[in-house]
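Read through the structures below before going on.
Each of the next two complexes has chain A plus one more chain, namely chain B in the first and chain C in the second.
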Partner chain A sequence: MSPIRSLAGLGRPSLLGALVFSLFAIAAFIAASRTGRRDLSQAGKRALYATFGFTALATISLVTALLAHDFSLSYVTSYTSRSLSVPYTISSLWGGMEGSLLFWTTLLTGFSALAIAKAPARNSRLVGAAGAVLMGIAAFFLFMVAFPGNPFAEVAGDVPVDGNGLNPLLQSPGMVIHPPLLYTGFVGFSIPFAFAIGALFTKRLDDSWFTATRQWTLFAWTALSIGIVLGGAWAYTELGWGGYWAWDPVENASFMPWLTATAFLHSVVIQEKRRMLKVWNVTLIVLTYGLAVFGTFLTRSGLLSSIHTFSEGPIGKYFLPFLALLLVGGLGMVAYRLDALRSENRLDSLISRESAFIANNVLFVAAAFTVLWGTIYPIVAEVSSGIRLSVGPPFFNTIFAPIGLAIIGLTGIGPLISWRRMSKGAFWRMVRVPLGAGGLTVLALGLGGLSSPGALLSFALCAFTSTAIIGEFVRGSRVYRRRDSVGPLTALNRTIARNRRRYGGYIVHLGVLLIVIGFAGNAFKVERRADMAPGDTLDVGSYTLTYEGVRTATTSEKDIFEATLAVSRGDDGVGTMRPQRNLHLAQGQWQSEVAIRTNPIEDLYVVVTGFDTDRSAVIRTFVNPLTWWIWAGAAVMLAGMLVVMSGRAPVTVTAAKRAPAKREPAVAR
Partner chain B sequence: MEQPTLPAPDKRRVKFLVGGGVIALALVGLIVFAMTRPNATSFYMTTTEIQAAGALQASADVRVNGDLVQDSVVEEGVTTTFDITDGSSRLTVSTDSTLPDAFYSDSDVIEIIAQGQYDGDTFTATQVFAKCPSKFKAQT
Partner chain C sequence: MRRLTLMALVFVTLATPATAQSPEDLANDISHKVMSPFCPGVTLHDCPSQSALDMRDRIEGYARAGMDEAAIMERLETEYGDAIRAEPSSDGVGIIAWVLPALAALAGGALAFMLVRHWTARRPRQLADGRDEPARVETSPAERQRLDAELGRLRGES
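On to the complex of A and B.
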């Protein structure tokens, strides 16, 4: 018997309590934002903390029910079983629709409590309005988990002895952290969204709404980025088709808000530095949040058929009006305040960092729009003409090749151009070295026998942009080397430490380039498939696989069938690979366990897709060049984001002029 | 730094409108181009619809969906043949591709989506998706 007692009885009452407090918080915050009264704002905050407390209590009671195998709850029966290990039992909190909505709500109320508690008190009207928006969203989700998506619903009839168990596909370390990271990202954007709407309501349309929430935006973006990459890693190691991204609607659902959020991260820099693009920025955050909610809805509604739809529920009819309210309300407020959102500056020249940032934004938003188009086109076509069709990877790949490459190029050009304007001669002096690096790369790879123009262009642009970025580090640290007479490494350290946002951002860009190198490697993928009897060999790339036989074993959870393959390269033995194909007993479902040998040059990826009674096995194998760099690039991105987030809020160009005590020496241009 | 003379505001507005128009047109062009790439979009049919349509022009892939007919699966080397049904008609699907794990589930209903070509008799799939809805659907 489990030592933990199920506290499921506390669940629903806690949710109802949280719902009541959230409604009270909305009223108090609205009153506070209208009057600016401290006591009302305090009352709203306390109600917000209580909302979070009760929501957290509900989550804790669901977790105890899961751990105690309380099969009187339909949710526990549907997603767990007695044989499931403790980490996966806890992760089934987000394995199904009701639990994941509760998890969403807990994150939302927790983040709201933190953000509102830490918001500067002098902006009490803005904070009040933002608090009201956050609590409005919380009230919607609390309603969802208290009524149509109640995770505490009891099973009809007798309490089962055991549950159905968690889908074996979800029993993977990646799946334990991938959904919470995505949700952290989605929910994290609630904070900048609420402050943006709050700013529109209270007409405080200076920078305070996004400077107050800057860390939240960065945090949410980082969580979403890492969550997306981990989702790819999960698909790669679990699904056994040798790829990591399939343009599935659910993948797209996480990618769209990432694209608009990336645009937003860049365009707020222009607002900070040059007081431009104010309308654009509030619009972007509204769109980002709308897409994040749309993503949650797509994943959980069953509106689009997807191999990822693990659970479906009757929540669509509530979500769509909510989403419409967010978008129409948000964009309506932007339109209503259009006059107050005028730019204080204009674009001076096409050769300027502003225009590079704008071009970046256009590309990211265009990319988001095309993903949205491809994702919802099947619905549009069916509703408008009754034709049922699906949009596949060729559509998305055709779109993303040019847009992605243009973004990579701009990533290199942007930092080389100065703000406001730059002479053509100065521009040329900045780009000639990176251009040379790109040219040399084409030459070297071309002579080396690489003939695919797409791959050549990708690698050339990566060389161009990485040279440009490294040049930034060199120029930056040169200033410190001269001024402080220190070694290159110390100077580099100081460069990064004194301007973490900028150089942290460059580190993120370098990580993105590594990921692009990994994507480009995909063009050289090799696949082989064969039915092999023991002793048979199969050549793939430069490897030879020899099938040695099958080993079987049984655990309480599954019957294991493991193929043993000796791997050699020329005459050299490389090792043994043991892919498995297991029958999970609780679900009666087969699940392949992939075997991967990875190194920076290429992955050897082996799946066994079937065994026969004569001990032969159907083996599918891939050589995936450069895939290692995707995960390495993600790690570099994360490191860069940590540098960015450790930085202080910057001084704007105009403010810097007023305050002569500038901390960093100007970088030589 | 040299100071380029700024164009008059009206001229600038025209410039930006033209620029925006060019970008929008380029985007629409790109989408149209991408939509017409081979297999960018494929029709989705039931087994009855595809049999009524007969052999298809072998230019583009089609997707057909239906439930797996239990005990119809025959495996021969890397080739698998099985039947799917929409309740009123039955279609034989043959494929050399890897079948997803859900295909082998012991669930009563296994939904199949096969992508490939139809010759009027057998559907030759290049890709097969499977899911078993009864197992993981929320009980509501």
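On to the complex of A and C.
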């Protein structure tokens, strides 16, 4: 008997209450935006807080129903069971479509409340318009969870004594954190999107909209980045195929907004520094949010499994018009305000950091388009010609690899070029050392026996770019070492502290390079598979695995079958690995638990895919070189983003002189 | 430096893997090139289901029987249809999948290049009072060289 009482009865009334308040908030915010009246803005804010309060109450109601095993609710029956542990019972909130939409809505209303509460009162027209957009989005999602995707729907007939349980694949620590981080990223982009649309409506097209939402954009991007990496880590440790990225549509759904958001984070710097690319920046944030909603739609509509299940699903027919409204409305507003969005400056030279940023943006958007096109093309082909075809990893790898490598190269070139203009001679002087590092890397690896052209090029570009970035730190630190006569670490610390956004960005880039090194290691992957009787050996890479036998155990949730493998390298024993193959009792589903020995050079990855009655086992094993660097790179990226987020936004002289009253020091970081 | 770059290019060009494949390796290679009929959106290699492993064994069996990659792919297509291939074909409807991203990237690059050229074009800028901004004084190559040298020295000092 659970000590928690189900509050499911409060769920739907709370959602309906939240829907009513969100509609009221839209009206109040629109009126505030048109008149500039602060009392109307205050009314809108209060209605927004109430919307969040009621949505949060609905979420709490569902969580209590999950924890109390209230199997009168269809959702609780479908995604939990009595034997499920408490953390996974709570995580089943985002284990199904209805719960995840409710979670999405709660994050949206919570983020909206925070963003609007912190927005400066003097920008009441912009804040009013942004609030109306946010509440419009919230109203749509509240309608979805209150009606077609209601998580509080009751089971038909008798209440079952136990539920179906959560999919065993989702019962992993990674899956407790990964979906909330992805959703935090997706929903976080609502804030810059709403302020951008608000700026278009109110014609306040200066820096207000992006300075007010800068931290939200960085926060959303960071959450999405870490969420994507955690998704890869989950696939690597749970799915048992020895990889971390399969270009499957669900992964692509999270990757597309990440690509356009990354382009936005770079191009917005040009708007800050040079008052250029205003049209492009607004367009990018509209596309980013559109892709975030599209990602949610893609993974929750059933569209991907078949074009036919899409129209039969409960939410697909509502999502598509909403998505069309976001994109057509957003881009239509950009077109309507084209004159007001004209650049205030021109480029001075082709060889300039601005040009590098523009090239970077073209590549990121081309990459996003490639992923989008590859993801939806099977649907397009089926609808247009009736032909069923697949677009899988070979397509994405072929097209994405050159784009990705070009981006890595530009990441190195960018910091070497100055703003506005640079002579060819000065450019050559800056670029020759990194170029030399790249060339030497190719030479050393080639002489060392590395023969894969793709891997050689990847390592060379990583060497080029990392030398260019490290050079920036060295040049910056040298100033402090000479001026203040301090040690190298203090000088480095002062360099980073002086301009956290710039040097934090460089740290993020170094993290990306480490990740690319990890990807390049994939070219040298070794895979072996064998049926092994006790005492049999299997060679993989430089390792020898000896199968010693199987151990069995039973818990309330599963029957455990654990293989024991002694690992040696030459004559040296390395250790013992114990992969499992478990039968999850509630679902009657088999699930492999991978065993991994990891170090910076390579991972030894072992999975058991089946046992025979004679105690023999089917063993699949991989040696994955350099995979460790992917996770290390993600940690470096996160550290870099924390440095970036702790930095203040630069206040340009022209902006400060022109419109000092419009800047918002409290949030312009 | 030029010699180094050339040597690097030679290494990249010449370094091509060429080894005879065992039936297991060929089956592994093919498993990356076909979609799993058992896991939607995932290649046969990445699909963890028992049926996918059985299918890989069957492909390895074809390879042991002497079939090459093209023959195995054709057989799989006959059994499962065109959608078994993990990449669209380079003819018919499939070609659009390949061509459009390349065209879009080219168009985007060309547009960006034209914009940059347009923005960098030398023309008088309008001042706030409507007059043209005075033309810039162009620096001579000798002056530019001296400026670069001075800037280089400054960087070295800082």
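As a working rule, the second predicted complex is superposed on the first by the 644 of 669 C-alpha atoms of A that agree within 3 Å, B and C clash if a C-alpha of one lies under 4 Å from a C-alpha of the other, contacts with A are read in each partner's own complex, and residues count from 1 in each chain.
Just so it is clear, contacts are C-beta pairs under 8 Å (C-beta built on N, C-alpha and C of every residue); 3 or more make two chains touch, one makes a residue touch a chain.
Please read all numbers here as calculations on a predicted model, not as lab measurements.
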| If chain A is used to align the two complexes, do chain B and chain C fit next to each other or clash? | clash
| Touching A:Pro249, do we find chain B (first), chain C (second), both, or neither? | second
| task | Based on the superposed arrangement, let me know which partner A:Gly392 touches: chain B (first), chain C (second), both, or neither? | result | both
| request: For A:Arg429, decide between first (touching chain B), second (touching chain C), both and neither. | output: second
| request: With the two complexes superposed on chain A, say which partner A:Leu456 touches: chain B (first), chain C (second), both, or neither. | output: second
| Of the two partner chains, chain B (first) and chain C (second), which one does A:Ala366 touch, if any: first, second, both, or neither? | both
| field | Touching partner for A:Glu98 - first (chain B), second (chain C), both, neither | value | first
| task | Mind working out whether A:Thr609 is in touch with chain B, chain C, both or neither, as first, second, both or neither? | result | both
| task | Kindly classify A:Val442 by the partners it touches after superposition: chain B alone (first), chain C alone (second), both, or neither? | result | second
| message | Quick check on the superposed pair: does A:Ser349 touch chain B, chain C, both, or neither? Answer first, second, both or neither. | response | both
| message | Show me the chain A residues, by the header's touch rule, that chain B contacts in one structure and chain C contacts in the other. | response | 239-241, 305, 346, 348-349, 362, 366, 369-370, 373, 377-378, 387-392, 394-395, 398-399, 403, 423, 426, 529, 590, 592, 609-610, 618
| chain C residues within the chain A interface of the complex | 1, 4-5, 7-8, 11-13, 15-17, 24, 28, 32-33, 35, 40-43, 45-48, 50, 53, 56, 81-89, 92-94, 96-98, 100-102, 104-105, 108-109, 112, 115-117, 119-120, 125, 144-145, 147-148, 151-152, 155, 158
| field | Of chain A, residues touching chain C in the complex | value | 239-241, 243, 246, 248-250, 276, 304-305, 343, 346-350, 355, 358-359, 361-362, 365-366, 369-370, 373-374, 377-378, 381, 384-385, 387-395, 398-399, 403, 423, 425-426, 429, 432, 435-436, 438-440, 442-443, 446, 450-453, 456-457, 460, 475, 478-479, 482, 527-529, 590, 592, 609-610, 618
| request: Would you tell me which residues of chain A are touching chain B in their complex? | output: 74-75, 77-78, 96-98, 153, 155, 164, 167-169, 239-241, 305, 307, 309-314, 346, 348-349, 362, 366, 369-370, 373, 377-378, 387-392, 394-396, 398-399, 402-403, 421-423, 426, 529-531, 587-592, 607, 609-610, 612, 618, 620
| field | Residues of chain B that touch chain A when the two form their complex | value | 1-2, 4, 6, 12, 23, 27, 30-31, 33-35, 37-45, 63, 75, 77-78, 96, 98-102, 104-107, 113, 115, 129, 131-132, 135-140
